[in-house]
Each structure stands twice: as structure tokens, then as C-alpha cells.
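Below you'll find the structures, each written out as C-alpha cells.
You will see chain A twice below: alongside chain B first, and alongside chain C after that.
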Partner chain A sequence: MKSAGWNRGSVRSTLLRALKQYRSALVLVLPALIGLSVFHLWPIIESVRVSFFDYNLISRVSEWEGLGNYTFAAQDPLFWRTIKNTALFFLLKVPVQMVLALLLALLVRVPFKGVGFIRTIILIPTVTSMVVVSVIWGLMYHPNSGLINGILETLSLPTQKFLIDTGQAMPSLVVMTIWKDVGFNMIFFLAGLLSIPGSYYEAAMLDGANRWQLFRHITIPLLRGTTVFVLITSMISAFKVFTPVFLMTKGGPSSVTRVIVLYIYENAFIFNKMGYAAAISVILALILLIASVIQIYFRSRS
Partner chain B sequence: MESDTHIDKVPSKKKQRFRPLQFLTRGSGLMILVIIFLGPYIWMVSSAFKPRAEIFSDLDPVSWRTFIPVNPTLLNIQTLLVEFEFWRPILNSLAIATVTVLIALTINSMIAYALSRMKFAGRDILFIIVLSTLLIPFEAIMVPMFLVVQNMGLDDTYFGIFLPWVADAFIIFLLRQHFLELPDDLQDAAIIDGCTPFQIYWKIMLPNIRPALVSAGFIKFIYSWDAYIWPLIVTRDPDKSVVAIAIARFFTDQDILWEYVFAGSFLATIPVVLLFLFLQRYYIEGVATTGIRG
Partner chain C sequence: MPKRLYLLLILVLLLAACAGPAVEEPPAPVEEPEVEEPAPVEEEAEPAEEMEEEEMMEEVSMRFFIPDGGGRPDGYNSVIDAYREIHPNVTIELDIVPFGDYYGQLPVMWASDNPADLALVDSADIQSQAYNGALAPLDDIFTEEDMADFRPGVVSEASLDGVLYAAPFGVTTQGVFYNVDMFEAAGIEPPREVDDAWTWSEYIENTQAVIANEAANGNEDVWGVVYLTNPPNIDMWTHLVVRSFGEKDSPTFAGISPDGTTSAGYLDTPEAFEAYEFWQSLYVDLEFAPQATVPDAFQTNKAATMISFAAWGSVLDIIAPDLNWGVTPLPYQVTPITQMGDFTPVVSANGSQVEEAKAFMQFLASTEGVLAYNAATNMIPARISVLDQLDAFSEYPNKIFVDEMIAWGVPRPETPGHAIYNSIFGKMMVDIAQGADIQAAVEAAVLEIDAQLAQFE
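The block that comes next holds the complex of A and B.
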């Protein structure tokens, strides 16, 4: 046991003080540490363990499967479909969301009359519960009596099927989740913009740079760290999508919106294939882990 | 619409002349933003106060009537609260969120204090272990988490709903950052006065990071209020339903009870939006520091 900073007194008293320090630290550390261990760390280990078994939740019987669940995943077309759908959701959503978030951040950074109000209304969807957003947008997208088709009809435009159309279901989910999440990304871009010293712009202005050049050669490069951070956190968040899909499409029509977490949920709690659900969870965890490691790498470099 | 706004403005002495065209484009651009972000809420609130038939008839065609109830009625909300007993999930969610926030702030600030202000062997390793729980999100461990909670006999209990969420590495990270920023003198003076580590934490350090506690508490409240998958997995008893579950029940493939979806969503949105209007500054600060998101 080593303790730093106690050079007075005998070895005995040093040890005693170290013990005392440990005791008070332990009391402060323990409650949260137990919580994290039991409900976060243990499930991670448990997830790997269960993925090697065929576990029946109802009969509570488990049989050793080895890598069976993983080889099954490799050959399961529906699993690959969910990976593809999730990646598509990410690709359709995140780039558009980031561009919009940057534009909104640039908008609300400049003071003007009502800027606080605009910022507030962009952020309100981020604090609104996902279930509320899903059901309200579900009604907006409703093919017969939804708000959006009502507007289209009033304008004499053709009505759309939205969530029940194989081609439109995924884009509809994407639009809704961008509406909800764009404010999150805006916060980071706003913080990034505010950290750029104004003197950079002034110097460039003196050199005769125009507004586009300022944006292109000062703002964009200096926002690189922020952009990587927003990209990775948005990717992780896109790979975790569940609630809107579960409530609005149940993965349909014909599986075009069946995403990974929905497939985990279905396998675990509907098909009663806990082991397989755990194996897919481990695969998802690995994907997200790689994303996080990339982000930490970029962060430590800058 | 952002044509003149996405350019970096530099403080300039030039006097801005009034340009009507710019004023108009900018004004209509902002108007579109307001409609996009507030439209769904206005439709939700107004429909919550309309009889079912009017919700549909006001969509054909869409007009100002769609967004303003001409004959507002409290019947939807009344039926929802009394006959569907929606007060129960509201109370459940409020109680769960309050307890979660209080316990979370207590235990996470304790460990955050130890990790930032106390010296003991293994401290840095402990912090890395804490942070490592952030790498694997809930969605990737919800299945084993359910098995763990079930093995503890906590499934279908209130404890099962909130206990897994009280220890939170995001909050630990946020509060640790703020503890680190406090001046050393504060602690040194307390040590000289003979305070124990716990007294220093409770009486001196904690009051000094109050803004961070508000940020963390508010974000935790939102997350608890928002929770859907976990309560869905862990509870069966309808009496223990949280708000999110109760609303989803009115919105199924077979049947959509439009008026109650609107009324329930309206009631469920009031607390978070009200809190947000007061605590917006703390929310932005907390989100920007931790990168925490939904």
C-alpha cells in the first residue's frame, strides 16, 4: 500500500493515516462503485457469458452453445439486414443533421432580436420525451388523418404513405429524429464557435478576406475537433435507435426499418432467444467500442 | 434562408443600413424555423383540448382552426386522468425521477469528490474503470441487465426501474470537472480547521459546485422522465407504469386513441418544458461539458 504525501512521523503513524484516508475515501466511493459494478460492469461480462449459451428465459434452462450464436448471426440474413438498416439510418441522418446543426449554431451565435427564443425552440425537442415525439410524429405521418397529409391535401398536393411505405418509412424516421436531435449537435457547434478567438477573424479581415474565406479558412478548420466529436457521438446514438422504430413501424414495412436494438429486443423478449440476443448485443457493443476508441484517439491527439 | 447568417460576423463599426429585402428573407426564414420546431407542439396542445371529431374535421382542410381549439374542452384530460387513471403513471414518473435525481446527485458527487480531491492509491485506475462504463451504452447490455435485475428479484418493482440508473459515470465526470476547478485554498483552510474529509465534501465543496449539481440533476430528471425501453422490459404490472409506457398504450397498431395520445403527451411534456425554460443555461452547460445525449 503506498500513500503519497505523508513524510512526517513513524512508519506506524503513516500507515495509520493511510488507512484512515482509505476508510473515508472508501465510504465516499463505495455506493456509486457498487451501482456501476452491479448494473453496468457485471452485465457487460454477463452479456459475453450468456452469448455462449442457449438460454431460455421462461424455463431458465441454459445449454452451452460455444460460438453457435455467433455463427448463427453470421448466417442470419435478418441480422445482416438489421446491420444494413442501422447503417443506412446513420448515413441518411447524421450528415444532414450535422450540417443543419452547424447552420443553426451560426445563426444563433450572432445576437439579434429574438435569438434566445429561436435557440430555446430548437432545444425543446431535445428535452421532450422520445415517446411523446414518436407518437405525435406518428400521428403527423398518419396516412389518412395525419397533419402532413392534411397540409398536402389542402395545398392540392398528392398525399404520401410515409411510415407504411417501404421507400418512405426510413426517411420519415430520419426526418423526425433529425428534428429531435439537431439541437444537441447545435450545442456543441455553438460551444466550438464561441471558443474561436475573435482576433483571428479581425486579422484575416485586415488582410482583405471576405466572409466566405473567413468561414472556409478559419471556422471550418478550427471546428475540426468539434466535428469529429459530434460525428462519433451522433453515430453511437444512431446505432442505439429503438423507441421511435418500436413505436412507429415495429421494424416494418417488410423489415426496412428493423434496426439492431429492435432485433435484440425481439430476440430476447419476444422470440425467447436470450443467448442469441446477447451475442448480437456483444457485436453491437464492439461496434460502439471501436467508435469510442476512435473518438478518444482524436481527442487525445488534439 | 441562412444565406446571410452562416457567415461569420465580426464586430464592425459600419452602421447597418435598413435593407428591406434582407429583412424580409431573414424574417421569413426565422418564421419557417418557428413553424418547424413549434408546429408539432401547437398541434398537440390544441388537439388535446378538442373533441375527437374536431381533431379530424379541422384537418380537412388545414387552417388556423387546426392549431387553435374553437370550442376548447377539458373532457379529454378529465377522462384520461379519471377513467384511464393517468394520474398514476404521472405520479410514478414524478416519484421515480425525484428519487433518482436525489440519490444520483448524492452518490455520484461523493465519488466525484473522492476522485478529484482526495489522494489514495488506485484512484486513477478507479476513475478509468468508472469512465469505461461509458463505452458500452445501455442498449448493448439491456438483456444481461434484465437478467441481473431479475436474479436480484427486482423485476416488476419500483426499485428495479430506477436503481440501475442512479450510479452514472456522466454525472461523476461532470461533477469531478467542477470539483477540480475549485481552489486548493478552500480545502487547505478546512483541513487546518480540523474538518474530516466527509465534512469538507458536504459543507465546503458541495455548496461550491451548485450550478453543476443543477445541470446534472436536470439532465438526470429528463432521462428518467424519458425512460421507455427499460421500464418496458422490467415491469409488467400496469399500476407501476411510467408516463412513457402509459402514452404508448394509446398508440398501437390496432387502435390509436387520438384524443388521449394528444392529452397524455401534453401532460407529459409540461414538466420537462417548464423546467427547461428555467434551467436552460444549466442544461446547455451540462450537455456541452459531458457530451451526454439521448
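The block that comes next holds the complex of A and C.
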């Protein structure tokens, strides 16, 4: 008992000391914590709760469903199709985007005349609204009067259908989103490259390493942390894709671009199945969580 | 300071965390409306007009949620002004939502703790909104005389299980707007009477002749037909083509089962497939219509015709005053058809001033209200007696829309899941127009529609 009392007292005094030491910091972060709780944490908790109900948004009638929405998802072919479409979008987009981002980072790492201008040009799409970008690229992809087909015609090349062709719609979306997001990934790779000490390269060069060996044995291993971070954030971003799909294809043609978040939107606001939409959201969050944990695990092992 | 400040901040945090969930138990479950007494119309209307005088003189402030465009803000403001002359204590503010945001914002508005007192709902979606408990019944504000004066198709769309949930107010139908200069140059005069309406093949043949004449005169790349969006993705435009391929009482013409829950056997009939093949040929084989939206094509002489709604003429007069346009009735295949429908006023069941809103609704749908609206904006009234008082609808071109309504007008397929039906069917028609395999597209759409509509069985 004496020991327990001593421990309690010790913990209490430690806590009080910590509170005293960090009270200014706590006061400063409190508004952000409140915002995070109200606008992020609470909706997440609510989504999980609603996923166990059959909830009608308009009437607000909600009936307990248990795991009904989850078992329905497991048997819903449309759900699996949207998962497949989203995975395809991720597989087509993220590897290409990461390689391009790394190459661009390598290009603008070395100071030369005009590097600031090139960095700005690469970053402009990143800071432009996705809505604006989607509308403009939608016009550029127009099969009859779009800029891209205009260029193809000028070059005497066959015109393409882009967004209205089942084989071209997804790649067309991927190209546009890579153009939009590659600058954002480049920033992280650039920061990673600049954090590698120059002495490593100097030592390797003294040992006779060529450029490829420098890149292969110094740059890539030391960028592993950055690469995992970029991969995780890009994967989350790819699985959450919605705006360009909603504005440019509405999931068509023939549902080839119907991605998971669009399906969540349809269930929530068109099919009026808020509980099912919440269940799919939770499944999506779990998929991303598991994938992120796996990536972090392999990174820490290596 | 610190202790009190911390306590205050912790209290705020706790309050925020304990705030009521977005999803609450409903105030009352949605109940099936009474069906034993279909359309229970009172002998004498006992509207809110009979509210206590002192109650009526209290300041009343209401909100009216409407989509922008079509002259609606002007029209409803005109009615509100007329109402305020009789009830100066009532203020009605229009919540005007951009048209593109309207369909997304409407369910969110209904779900809020403070929904608008009045709203406009696409007539085909009234049953859906009523089914979900968003709308107040309006049977008690109209007399038998009123009900007999309303156009039956409009009343049918505004009712669920025999209970009226929207005020029969206006109707819109569709027609073919054509470029008069182009057709005159080709020596073609489209019909002006519904009895002389072209069939689809006559319409295409004549319009192709116009396009060929334009090309010969240097105006290349003229489309045969365009819609507001291309290919159209809502059943207002697309379903009338499919339904026209069926006989009047056929499943193809009906488009959905009588209980509004099954599309198999209605959207996948041999006649419907014939219609889908025709629809695809317009876009793929004939290249008569564009597979993606061409902005302002009709107004800029890049389309010979445009299929649109009755009020489009007023819009054209504003956005393209130099365009010489005319109207010809909708083409048909087997059965002539126009689909009636419009944004229709409803009263929110969960609003705080249901009785006051119903009193305004009664005025809105009265002869006086309809005339006040038409003083600002042209609208084909749902009241048969008022239509006769409006000269604009007895003359070309408006007469065509009215004649179509009287001779051919039917509501869109009636189902409490119309928004779902419309969304899936609309996407299917876009896919077909863009060259999808018809059999696969129709099978997938029918499967999905029926799976979703099963919730209304």
C-alpha cells in the first residue's frame, strides 16, 4: 500500500510538472485540438457508429443493422468492382508519379540558372484547384473540339476519344492527376535529397564510384524513409480520388472509372443508404490503415 | 489565470465532444400514409386562412429553397409580393441555390435541423421525398373543385398512395427548337401542329438535308441535335425516346412496374432494345449528335436543332437575341409522347411553420397566384381554368407545348426511387450513346436499378 501510494504521488507530481512545463504549449495547441476533435475525430466515430445502422438521411430513421452493411458489401459486386477500379487507378498512377517526382527532384536539386523558375512551373499544378484542373482537362480531352485532338489532327495523327472510351478513360484520368500531383511528391524527394550529406558522395567518389553507383548505393537507400512516406501519402490520395472522376466521367463510360469514393457518394446521396456508405468508408479506411502498417513494418525491418 | 482558463478550455472541449451526434433518433418514424381513403379531399377547404386573426397578424418569416434559373426567382418573388399585399405580416425569403448545386444540397437541406419551410422539388422526385418523410401532406388545403381543375398527370406525380404532397402548380413539356434560317435555306418547313409531328426518321432525314445544305454553303460541322448536356443523362430527355418505341399500354411505354419497384420486363423489352439501337445510331453511326457536350452549339449555329423544355424560348431570347428560332413538336416512333414535369412547390414536414407554409401554398396554387407568377415568367399552369386565361399559350410557339401536353402528356415513370432510377438509367443512356455494348449495358442497369428499388417493396 505504501509503495502504491508512493507511486501515485510520483505519477501525480510528474504529471503536474509536465503540465507546468508545457502549459503554454498546451494552450497554444488547444484550439487545433478542439478543431481536430470536432471536425475529424467526431465524424470518424460517427461514421463507424452509423455503419452499424440502416440510416435514412432525409427521414433520419435509423434501424440497427449490426454487421449487415458489412456482409452486404462482401457480396456486393459493384463494391468489388469499384475497389478493383480504384486499385487500378492506384497502380497506374502512383509508381509512374513517384518515378517522375524523383527524376524531377534530381533535376532541380542542383542549382543552375533558371532552377527557381522550373521549380515554380512544376509546382503550379499542385497549388491549382482540382476542380479548375478537372474542368480544363475535360475540355482538352473533348473528342470533337479538344486541344489534344486538335494537336493530333495538326500532326496528321488519328484523333482519340479519351474520356468516352472504355479503354482510354482511366489512363486519361491518370495522366491528368499525375500532372497535377507530381510536384507535390517532388517536394518531399527534394527535401530528402538535400538532407543526404555531401560527404557520403565525396567518399564514394574517392573510392571510384560512378554516377549510377552513387545513385544506387547512396541516394536510393538514404531516400527509403522519404519513399515510404511518399508511397503511403500517394496511396491514400489515390484511394480517395473523387473530384476529377465526378467532374470528368461521373464513373463512366460503362463504370470503368467508378471508383470507391464515388460509390460511397452515390450510396449516401443518391441511393439514400447512409449506413451502407458509412460501412464502405470504414472498410476503405481499414484497407488504407493495413496497407500503411505493412509498408511501415517493412521499412522498419529493412 | 491559468487554472480558470484551463478549466474553461477543458469545459469547451468537453462540450464540443459531447455535442449531439449528426445522426439522431428521428422525432417520429416515417409511417406509411393512409391509403384507405384515396385523395381525401375536404368538401370545404379549411386552410390556414381560418387561423385566428391575431395569430395571422404575428410576424411570420419563412424560407423558400429553390434552384436558380428558368425565371423561377422572378416568378416566385412576384407571387410573394402578391401574397404580402394580403398578408403583410408574412415575409418569405428565397434561398436561391445555383442549379448545379441544387440536387446535392436538397437532401442535406432536408436532413438539417432547420430545413426550409418551402422548397421546389423536381416533380418526378416528389414521391421519393414523400416516402422519406420530408414533405407535409397538402390534401387539406385544396377543395374538390381545385382538384378537378388540376391537370390529372400533375396530380398523379405529386401524390403517393393517394395523398397529395405538392401543389400542382406548373407543367413543362419538351419540343424541338430549330434554326429557322438553316431550315429555310434548305427549303424545309417543320410542322407546327402536333397532329403533323414528324416521326424520328422524318426528323432525321429532314435535318440531315439541312446539315448537308449548310456544309455546301461553308458551314461545316453542324450537329443535327443537341441537348443542354450531351449526351443527356436524365430521363426527362432520354426516356421519352425509348417509351415512344412502345404502344401506349405496353411495358416499354410504362418504363417501370405499376408498383414502381421493377424495371426488368420494362426497360429490356424488344421494343426498348430497338430504341437503344436507334439512340446509339444517332451518336455513333449517323454522328447526328455529339458524344460530349458542345457548349452553346445551338446558339452559335453549330446545331440545326435542340430538344429542350418549354421555357427555353424565353432563355434563348435573352442569351441569343439575334438567333431566329422556331419550334416543332417532338418526333415519335410508335406512340407520340411528351413527359410532363417541373419543379413543384412543397411544404417541409419538419419545418417550424407548417401551417403558415401551407397557407402560402394554397395562395400559390390559386388562380391569383398562378397569374402573379405568369406576370413575371411564362409557365404552363397546372390549373386547366387558368391556362385558358393566358393568351401566350394559345399562340405559336407556346401553343405547341400546350397541345403536346394535352394530347400526349404523361408523367415520367412513377416510383418512390425515381432519383435512383433516373441516375442509373441516365448513365446507361450515356454509355449507349458513347458506343457501349447495348446488351451488357442494359442488363447491368436493370440489375442495379432493381437491386436498389427493392428497398421500396
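Convention: the second predicted complex is superposed on the first by the 256 of 302 C-alpha atoms of A that agree within 3 Å, B and C clash if a C-alpha of one lies under 4 Å from a C-alpha of the other, contacts with A are read in each partner's own complex, and residues count from 1 in each chain.
Convention: a contact is a pair of C-beta atoms (placed from the backbone, for glycine too) under 8 Å apart; a residue touches a chain by one contact, two chains touch by 3 or more.
What you are looking at is a predicted structure, and each value in this text was computed from that prediction instead of being measured.
Applying the stated contact rule after C-alpha superposition, one finds that A:Ile178 touches neither chain B nor chain C.
By the touch criterion defined above, A:Leu28 lies against chain B but remains apart from chain C after alignment on the C-alpha atoms of chain A.
Contacts of A:Glu46 after superposition: both chain B and chain C are touched.
Looking at the shared chain after the overlay, A:Ser129 reaches chain B, while chain C stays out of its contact range.
By the touch criterion defined above, A:Met98 lies against neither chain B nor chain C after alignment on the C-alpha atoms of chain A. Counting the residues of chain A that each partner touches, chain B and chain C differ, and the larger count belongs to B.
When the two complexes are overlaid on their common chain A, residue A:Phe269 makes contact with chain B and with chain C alike.
By the touch criterion defined above, A:Met170 reaches neither chain B nor chain C.
In the superposed model, A:Leu36 makes contact with chain B only, not with chain C. Using the contact criterion defined above for the overlaid structures, shared-chain residue A:Leu78 touches chain C, although it does not reach chain B. In the superposition on chain A, the residues of chain A contacted by chain B and by chain C overlap at 27, 33-34, 38, 42-43, 46, 50, 142, 145, 250, 269, 274.
Against chain B, in their complex, chain A makes its touches with residues 1-5, 21-22, 24-25, 27-29, 31-36, 38-44, 46-47, 50, 102-103, 106-107, 110, 114, 118, 120-132, 135-140, 142, 145-147, 150-151, 153-154, 179-181, 184, 187-188, 190-191, 198, 201-202, 205, 211-212, 214-215, 218-219, 229, 233, 236-237, 240, 242-243, 246-247, 250, 261, 264-265, 268-269, 274, 277-278, 281-282, 284-285, 288-289, 292-293. The part of chain C that touches chain A in the complex is made up of residues 2, 5-6, 9, 12-13, 16-17, 19, 21-27, 29-30, 104, 107, 110-111, 129, 132-134, 221, 233, 290-292, 294, 419-420, 423, 427, 430-431, 434-437, 440-441, 444, 448, 452, 455.
In the complex of the two chains, the chain A residues touching chain C come out as 23, 27, 30, 33-34, 37-38, 42-43, 46, 49-50, 53, 55-62, 78, 142-145, 161, 163-166, 250-255, 266, 269-274. Within the complex formed with chain A, the residues of chain B that make contact are 2, 5-11, 30, 33-34, 36-38, 40-41, 43-44, 55-56, 59-63, 66, 106-108, 110-111, 113-115, 118-121, 123, 126, 129-130, 132-149, 163-167, 169, 172, 196-198, 201, 222, 225-226, 228-229, 233, 243-244, 247-248, 250-251, 253, 256, 258, 261-262, 265, 268-269, 272-273, 276-277, 280, 283-284, 287-288, 291, 293-294.
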